[in-house]
Amino acid sequence: MSSAKESFVILFQCQDRPGIVAGVSELVFRLGGNIVDADQHTTDPSQGNFFMRTEFNIDRKRWNKERLSREFDLLAAEFRAECRIFDSRDKLRMGILVSRPDHCLLELLYLWKSGELNATIPFVVSNYEGHRSLVESYGLPFYFIRSSKDLRLEEDILRIAVKESDFLVLARYMLVLSPQFLTSYNKDIINIHHGFLPSFKGADPYRQAFDEGVKVIGATAHFVNELLDGGPIISQQVEHVTHRDDPYTLLRKGKNLEKRALAEAVSDYTEYRVIRCGNKTVVF
Amino acid sequence: MSSAKESFVILFQCQDRPGIVAGVSELVFRLGGNIVDADQHTTDPSQGNFFMRTEFNIDRKRWNKERLSREFDLLAAEFRAECRIFDSRDKLRMGILVSRPDHCLLELLYLWKSGELNATIPFVVSNYEGHRSLVESYGLPFYFIRSSKDLRLEEDILRIAVKESDFLVLARYMLVLSPQFLTSYNKDIINIHHGFLPSFKGADPYRQAFDEGVKVIGATAHFVNELLDGGPIISQQVEHVTHRDDPYTLLRKGKNLEKRALAEAVSDYTEYRVIRCGNKTVVF
Amino acid sequence: MSSAKESFVILFQCQDRPGIVAGVSELVFRLGGNIVDADQHTTDPSQGNFFMRTEFNIDRKRWNKERLSREFDLLAAEFRAECRIFDSRDKLRMGILVSRPDHCLLELLYLWKSGELNATIPFVVSNYEGHRSLVESYGLPFYFIRSSKDLRLEEDILRIAVKESDFLVLARYMLVLSPQFLTSYNKDIINIHHGFLPSFKGADPYRQAFDEGVKVIGATAHFVNELLDGGPIISQQVEHVTHRDDPYTLLRKGKNLEKRALAEAVSDYTEYRVIRCGNKTVVF
Amino acid sequence: MSSAKESFVILFQCQDRPGIVAGVSELVFRLGGNIVDADQHTTDPSQGNFFMRTEFNIDRKRWNKERLSREFDLLAAEFRAECRIFDSRDKLRMGILVSRPDHCLLELLYLWKSGELNATIPFVVSNYEGHRSLVESYGLPFYFIRSSKDLRLEEDILRIAVKESDFLVLARYMLVLSPQFLTSYNKDIINIHHGFLPSFKGADPYRQAFDEGVKVIGATAHFVNELLDGGPIISQQVEHVTHRDDPYTLLRKGKNLEKRALAEAVSDYTEYRVIRCGNKTVVF
């Protein structure tokens, strides 16, 4: 992504049938746009789900997101498709929740500050007060939440999150979000799991990996759903290890994997490249 | 690629301008086809070269390659584009040239025999007579060429190659092809270089890598042009090494890298995924 | 490993205490040997298991394995250690069991024939008669076993295996070995599991990986024990995949991972680099 | 490395001959120490250079670095070896020189602050004044140097560097150090080169990589010597790229490679695992 992106992105998703690519690209052409990137995917014939991402430039004096939406909604109705349109100029608002481990937080702050992420950070929530000065030194609001039992505070967070964020990132957040939170928030939440799912669900995956004597460790960024560590996987990073690695060095190597997997997932997500598809994802 | 592929593939290449994707996909739709895979790429605006690969299924009772060509040639003329159309049922004829090292030859024979390659092998040429029984045990013609100085024999090879092959693979072929051969053959030739180009051109790259003390080695599959080891790169494979690796273990590791890089390049090439673009390649 | 290795290898394993390295290296020196490679590992202090691999050259006119054993057994007794000594000239006899998939079998045959493996192949057993001509073309004995229910034949295999092999490799062997076989054979058995353990135990791991929507797949070479796919892991190989990969391409990529993981495990094992340590391995 | 390391490390380097391992390990044992890690390497017989790293614990009430040095110096004399001994409690003082790109600086600051690096940071020198507030927020001295032509300032830096640092890291430092600086400083300097050496020496390696159409990019951490980008390589990191990557995304990916290669090199160096050997390195 260049920092000065001017394009629009359309995500189109429906039952597969002939003519969809033609329909979308013909419409872009008729409106005067020029397609700069296009990708599509059809799941296996038995399911036949069709996904398409089309990125195009168009005269902004004549067109904006709302006017484009009206045009594409008509086409979508024809194919009984779900169609979403995004303006690359609109940065997604990414709320961050984080516990004490700071490596993923720092990675996100760095990517945001250096302009590599198509996102803003409206707030950082943590149950570790020690992050306050760092976060505030970036000029960002910081909220302290004592515990997940602190339901009144969770409600406060929820109110802010619903209002101020387009999606949430759990950047190593150890508190469990209540089912009510998930239901009420009702937007995407991305979690970084410090293990190679589906292998090591639950707590202390590096200890589990050490005890199993694996020769490769991994980290997994995935959407949160009601299942613990069970939502659709967005990205995974892996690294070889040996018998010399103890839980301490596994943890050190794991931190790098977590940063990379989460950065990749968030980067793709904020460029509208990630589409859920049942319990899986399509990442264009 | 599933072994029972029935699709047609169009490669389209021209100066970028609005309407190309729409034009191609609309034509596929009008002919009654269904796009199953589509990818495109535009080089940076200063150059503005546009490349597209579209794969589609269509009623074979009504359409074959020739009839489709006529339709798409009209469209191509409109965009001043170069358009090539391929039938996935037509396997490419891959002539193999190989010297004594046999690991790349065996990999290609294996992929061919197990049906993983969209290609046939019309012949194997070698300056090592020892490969004859192996090659003939696969039921394939084997030609022995004593040396590159053996111009009359090179002419024989050339005649066979021109007539019986769609492209050539130098699967660790140590003899230098004469400029006349390259000019007269005039089809694609893929070479596997046992080094991480552009680092270690020329002879004995593992020795060069050892002497430089690098911590990563690689192998490169590339198109052959008039420059020694200088043609467009198709695929590269790399692996970490340490001070413990001597030229012997570097060579062993390198053999695996060579097999993997060449297999990937040939696999992509025979599925019509590789397009030359100046001194580079687009690999869809 | 160079093909002309002349060294001896000592594997030493005991409770950690000061003086072991000194004891072994001093003895090698006193006997007139020169250490060419040495590695050691101590598990975490709570367990304190010590492992050492020492490779040395020594005058073969004065020393052979038996004479060296006598010297080192005395030292081992002093440290209450388990000590094993190997002559690099003695190739290990590797019996192969294989079902229909042939990629791992071919890899082992290739490595053996090209002299890259410190092993001989006394026999190949398969429940797929189609491998006979290939195996016999290498001049190796081939035994056909119809099914795992064929107990009398399993007994025949067992008798041959016990007598003619130092270890067995299950190079994609789909029949389950009976508990009696495991007990009676009583030597090491290495299996290649076509999945990234401990994630996808059991049948059709690539289908499991596809259904889970993972972004990385793997293969695992491990020792066989009484647990299905549960023995100590020796080596693992991994590769990134995307939503475009269907079970067919996952299988193709997986075959390469299996070959590489198994080749690495067997190569290390036959150079006496692999030591079991509870449910894990130390790989020097 | 655990943060609470208490061990001593000996680096021993000489012409290969029998008895060295025995000599060192026997001495450690006699002094009452317990070897916790040992590694050795001999270059090929024609050169016969021997390197050994031995890490051991010993009663600190009886032994310190000076007393141990006296004991090992006697042994070293016997083998005409170069022997260096290090106390893991003594953190190396790492001076940092950095230009405007901040990713490597941030990585080093993070590793230092989280206690993952066996080093202190006595100062940061930069020709970019904008780093001052960041560096000083960590409580570290910051020196601004306008340009490499600013010889008087270079002399000031040199004076500080000689006095306050054990080694220097060029964490993306674009100014060229004068030959006088290198000569006068006379300690190790580690540079991160943003390219896969020896391929892309000199300026703008990502542009070079883009123009060559490579399918893999890399970054290289190496010792600085009088040759531009020509010193012994310590570590390299690589990543696959495609035709879709433009110089902007190559740069983004490259930044991650640089961070990882430099962090690995500095981490190994400060644990006394890196030994120069002519134009190469041994990394234990």
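For this structure, a couple of remarks:
Letters are used for the chains, namely A, B, C and D, taken in the order the chains are written, and counting of residues starts over at 1 for each.
Keep in mind that, in the parts below, a contact is a pair of C-beta atoms (placed from the backbone, for glycine too) under 8 Å apart; a residue touches a chain by one contact, two chains touch by 3 or more.
Quantities reported herein were computed from a predicted structural model and do not represent experimental measurements.
Touching chain B and chain C together: A, D.
Each chain gets a centre from the mean of its Cα atoms; the one farthest from the centre of chain A is C.
Between the interfaces A-C and C-D, more contacting C-beta pairs are found at A-C. The distance from the centre of chain C to the centre of chain D, each centre being the mean of the chain's C-alpha atoms, comes to 37 Å.
Centre-to-centre, using mean CA coordinates, chain A is 42 Å away from chain C. Multi-chain contact residues of chain C, defined as those touching 2 or more other chains: 246. Listed in rising order, the residues of chain B touching chain D in the complex are 41, 44, 196-199, 212-216, 218, 232-238, 240, 242-244, 246, 277, 279-283. Across the complex, chain C is touched by residues 1-2, 102-103, 106, 110, 114, 116, 137, 246, 248-249, 252, 256, 260 of chain B. Against chain C, the residues of chain D that register as touching in their complex are 16-19, 21-22, 25-26, 28-29, 32-40, 42.
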